[in-house]
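Here come two complexes built around chain A, the first alongside chain B, the second alongside chain C.
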Partner chain A sequence: MDAIILQFLNGLDKGSAYALIALGLTLIFGTLGVVNFAHGALFMIGAFCSVTVQRILTLSSESLSATEKDFLGNPLKIKTPYVENWFGPEVGAALIDWSVPLAIVFAIPVMLLVGFIMERGLIKHFYKRPHADQILVTFGLAIVLQEVIKYFYGANPLPTPAPSVFVGSFDFGPLLGLDTSLAYPYWRLVYFAFSAAIIGAVFAFLQFTTFGMVVRAGMADRETVGLLGIDIDRRFTIMFGIAAAVAGLAGVMYAPINSPNYHMGMDFLVLSFVVVVVGGMGSLPGAVLAGFMLGILESLASMNEIKNILPGIDQIIIYVVAIIILLTRPRGLMGRKGVMEE
Partner chain B sequence: MFGLNKRDAGLLLVVAGLALFAPFLLNPFPTDSAMAQFNAGYPDLMQRFVIFGVFAVGFNLLFGLTGYLSFGHAAFLGIGSYSAVWMFKLLGYNILPGMILSVVVSAVFALMIGYISLRRSGIYFSILTLAFAQMLFAIAYSDLIGRFFGTPITNGETGLQVYTSDPQFFHSENLPDIPHIFGQKMQSTYTLDVGAWSFDFNFGYYFCALILIAAFYLAIRIFRSPFGLMLRAVKSNQQRMNYTGLNTRPYTLAVFVISGMYAGLAGGLMASMDPLAGAERMQWTASGEVVLMTILGGAGTLIGPILGAGFIKYFENIFAKINDNVLHSWFSFMPDGLENLMVALVHPFVGKGWHLTLGLLFMLVVIFLPGGLVEGGQRIAQRLRGKKAAEKATDTSKTPAE
Partner chain C sequence: MSFSNPTRRGLIKTGAVASAGLALPTYLRADGHSGFTNAPTGSTVTLGFNVPQTGPYAEEGLDELRAQELAVQHLNGEGDGGMMNTFSSKALKGNGILGKKVEFVTGDTQTKSDAARASAKAMIEKDGAVMINGGSSSGVAVAVQGLCQEAGVIFMAGLTHSNDTTGKDKKANGFRHFFNGYMSAAALAPVLKNAYGSDRKAYHLTADYTWGWTQQESIAAATEAMGWETVNNVLTPLASTDFSSYIAPVLNSGADVLVLNHYGGNMVNSLTNAVQFGLLDKEVNGKKFEIVVPLYSELMAAGAGANVQGVIGSMNWNWQLQDEGSKAFVKSFGEKYGRPPSNSAHTCYVQTLLYADAVERAGTFNPCGVVEALEDFEFDGLGNGPVLYRGDDHQCFKDVLVMKGKENPTNEYDTLEIVEVTPRAQVEYAPDHPMFAGGELGSCNPGA
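Take a look at the complex of A and B:
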């Protein structure tokens, strides 16, 4: 029982990442009708925002120690981060420690900008072209973004630790009235809460603001909204930026869970597409639901009890489920009628 | 000639000429010269050219004719390789049984995957094929079937290879211990030295080249057949086809299977040149590569995929060799500061940065040249021929494009 609960919890954070990426993909597809193969790359850029902020904060000045010597007898070089010089040692150390959450502040404008540039510079020209062309050009863009990141940051994964407060794990055992301990890392709890907050914020934004209302109207009937004198294109561009930011934030907070590397975007992209299709193309709740469902399913399938009966099922379960759902419910779990049906 | 019209026969001759004289064409620089590093006429690389040519021609039959974008074609390549290596293990190193089995097995898989995937079109089809391919990759990579039965089938991460303890029923003392066809080794190479040049004639390469020519001929026949015309009708308007009471599924399924067989054949050839099969051949990046080749060369054209495959494989190989020293020697005529600047500017795009160049190139082609290199060539030819000829050319292009 406790093993099942633990796997369920493990599935939540992977599911959160899937859900956030799939949500962004669906936003773009629902508003602009574009299939964005570069969305995984946006997730990766988000994760590298964490790395960048951490590097900026740890930029150090070198000074020679007056008293200590290194093993050659020369004065020891001491590196002090600039932030510690400017804000004092305690505040500086705390800033460095909290670099991943701080990266959120940095990532939002960066991701919005990346999103705007992508939409205005490239994707705008592909609205009228067939879906195959959209897939191809964004696929090319994904390769380019990935290679640019690889050029600047190298091919190795870059560990980006979470704030030290969140190191360690929370014991769910007593809470649930179990005898055994059920340790679960704090940061994963934070990640889940963070994703839930972002998902909630996106839905609230679409549901309760005038801007969101216009966007929803535009998703339903773009032409009519345009005829009412609303510049729907501009709003869709902003939505593209928001979708990019959602993927980026998912990446920022994911950095401590899995050290960012240049191909993490592609790894997540394939699964996120499966998630979108399972959830139903163009359905936002469907994307979130399918994201969590597949994440948890994948995690449950990796339990030893199941693996002993069906070895390796955890690696193919998502695809099997996707194929079954697409064949029995072609519209996906919550897909709307008439969206992308041939 | 061979039931082809003049233009197609010309195209076939061009491909045959390119394939047969590749050892000369790809080695234009003397062996000792500084440019020798840009020679591509060594057997290993030439084999890759033609094998990927077969793969891309097959992919183009599906994508170019019907517009169904499969993102999982590398699965068939991998399946072909595994089948061929299994034949080497069981029957011996003669490659014929391996080739036959690789085509048959990949056809069976293509039939199953196609039967399911082709129920949907557009983006759903792409995702379904991608999902199937990733599933097969996961199965091969951790050898799930093998673990289920308790004996290695794909041999997981290590990859499948032939061991001396394998049965090899038809193997005898006088046969070589490497892939061969009736005793003639795939590796055997005859080197012709002409002055400062040297040309390698590799048996395995010529075997692959003949298969490429045959595969290309078959592709032309499919393009020009009523069957091919039907597939093009599916591409331009499937709904209308359905409304006329025609079931298009058998046609698309047939071409999906044919295309899968081409991929399986390419996989079998790969294993025949180097008797190894690994799961990385099936990964979706490999599927992406064949998409890149076909689009870059020109999807829906006959010769495009071959050009694309050659182009990508050639520059992948050449770009990897260009390092900073080479760059410095190129720009050495410039003043020092400018030279360093140019080297710094070009550096990210060469050497390990080949994928960056490829990605950019691919985007440019998709954006500006949807017809790929072939369309680029046609446009240049039109410019050169002048306006009058250009008008004529647009007239002819109104007849169904190839």
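Take a look at the complex of A and C:
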């Protein structure tokens, strides 16, 4: 029982990342009709926003140690972060410790800008081209973005720890009246809560604001909204930026879970597309539902008890479920009629 | 048809034969050899450095390239000579190899077997490389070793730790300076027994490919021999990035040690995930829970950050060694590049010198002469104490380092500390050891 609960929690956590990326993909597809294969790269850039903020906060002055030597026998360079010089050791250390949450503030404008440049600079030229062209150009863009990040940050994973207050794990065992320990990392719980908040915020934005209402109307009937004198293209461009920011924020908070590296976006990309297709192309609730569902299924399938019966099932479960769902519901779980249909 | 009266048909036939000849690889052309592949005919000789320049191990590949470039400089008499000054063999004079200036070409393995073979093939066929050196994967090493055997050039493997490279997949034209899974396990077991006792229950997570399998088999055998019980061994796909699903079952498995038979990005992520789940803070069976990483590299330890602190593993070589050879290499490398070399950089540097030395001692670039010179060659002064290149399987035997993640690192290169230098005698094994069974070394192939 405890193993099932743990894997369920894992599934919620994995599902959070899938759902956030798939949500952004669906926003872009639903508004602009573009299949954006560079979306995983936006997630990766978000994670590197965390790395960048950490590096900015740890920019240091150097002094030579009187006693310690470096590997060549020269006096060791002692680094003292500027923030510790400016704000005192305690406040400076706290700022560095909280670099990942602080990166959210940095990442939002950066990701909006990246999204805006991507859309205006490249993707808008492919609106009327076939989806195959869009996939090719956005996939190429993803590779370019990867290489740019690799050029500046190298190929190695870069450790980006969570604030020390979130190090360790919470034991659900006593809470659930279990005899055994049921520990789950604090930061993964934070990630789940953060994802839920972002998903809720996106839906609230679309549902309860005038801007959101216009966007939803544009998604349903772009031409009519345009005839009403509304510049729907400009709003869709802004939505591209928001979708980029959603993917970026998913990446920012993911950085402490697995050390960021330049190809981490590709690891999520294919799965996120499966999530979008299973959820139903263009359906925002479908993307979120499928994200969590597939995350939980993937985690449960990796239980030893299940793998002993069906070896390797954890590797294919998502695709098996996708095939079954698409055979029984060709438009996905919550897909609408007419989307990607001639 | 006569030569004085060419016909159109004759011209076409002659042209076709000439074209076919030109299309042949250089090592199969009459002007390209003197009884062996890519025999150097001018005043230079070309070495091929095949390392990952793109992909997840690009940093490791870059460090290998740095070291190989440094070795070429030293061979050509430039710089301070590095380990050539401490090497027990004095055949190298700093005037190239057999008087020929050393040049090099590079290939990108991408850490993919097919790409690595293609880049090695291009260096052999187009650039005339007389040996191939480097790499950061056992899968790549086995693939390129097979190619070099067919092509008739020497292969000096880079970072490859699978038992199979000099086990069932060994080849006469290939040599490995790096240690292997068996040697890691033999070095680690006594240290683990001293540190954690002989009554332990181990849970293994193992990368599902040749290196992972042989590493797990080796460490499980060594730890079971000292009294540990292997509770479970779970194979994890190489493409895995989030290991939480594999870590969660460890918590209530009854195990009190987690052995991560992972390398590179897999190791960074699985170790990070394990620490996140609080495994190192747990107490199981009345003992503190421990994590073991059988194969460490400095570059990947840096990627895992503070998570490596206190975690025991093994390494082939480390820049903190205080023998004269290691100090000379660290000084040369550090002054040129401003950083200490990694253990894969050391392997690639040393192998370049050893190849050159073997050619000098053999008096020929013929691979069969080089093989003969390297087989059962014993030397010192290149780090890790006295070293043997065993003729039976072309595996190098030397001291092995047991490392531990440093509790209070002073800089980014100071992530690991040496716990013990395990003597060579403790990690040696018979050539017919069951873990290395199968496959034949065969005979050297000079190509051409």
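Assorted remarks:
As a working rule, the second predicted complex is superposed on the first by the 327 of 342 C-alpha atoms of A that agree within 3 Å, B and C clash if a C-alpha of one lies under 4 Å from a C-alpha of the other, contacts with A are read in each partner's own complex, and residues count from 1 in each chain.
The rule is short, and it goes like this: a residue touches a chain if its C-beta (ideal position, glycine included) is under 8 Å from a C-beta of that chain, and two chains touch if they have at least 3 such contacts.
Since this is a predicted model, take the numbers as computed values, not measurements.
In the superposition on chain A, A:A196 contacts neither chain B nor chain C. When the two structures are aligned on the shared chain, A:I238 is found in touch with neither chain B nor chain C. In the superposition on chain A, contact is made by A:N156 with chain C only, not with chain B. Applying the stated contact rule after C-alpha superposition, one finds that A:Q315 touches each of chain B and chain C. Of the two partner chains placed by the overlay, neither chain B nor chain C lies in contact with A:A93.
Shared-chain residue A:L112: touches no atom of chain B or chain C. Once the two complexes are laid over each other on the shared chain, residue contacts for A:M264 go to chain C alone; chain B is not touched. Residues 315 of chain A are contacted both by chain B in one complex and by chain C in the other.
Chain C makes touch with chain A in their complex at residues 54-59, 232, 234, 237, 239, 241-242, 244-246, 248-249, 251-252, 265, 268-269, 272-273, 276-278, 281-282, 299-300, 302-307, 319-320, 330-331, 334-335, 340, 410-411, 413. Chain A makes touch with chain B in their complex at residues 35, 122, 125, 130-133, 135-137, 139-144, 146-148, 151, 266, 270, 273-274, 277, 281, 310-312, 315-316, 319-320, 322-323, 326-327, 330, 340, 342. Taken together, the chain A residues at the contact with chain C in this complex read 2-3, 6-7, 10, 13-14, 68, 70-72, 76-77, 150, 154-159, 161, 168-169, 180-185, 187-188, 257-259, 261, 263-264, 267, 298-299, 302-304, 307, 314-315. Interface residues of chain B facing chain A in the complex, by the touch rule stated above, are 67, 69, 116, 119-124, 126-128, 130-132, 134-135, 138-139, 141-142, 144, 147-148, 238-239, 284-285, 288, 291, 295, 348, 353, 355-356, 358-360, 362-363, 366-367, 370.
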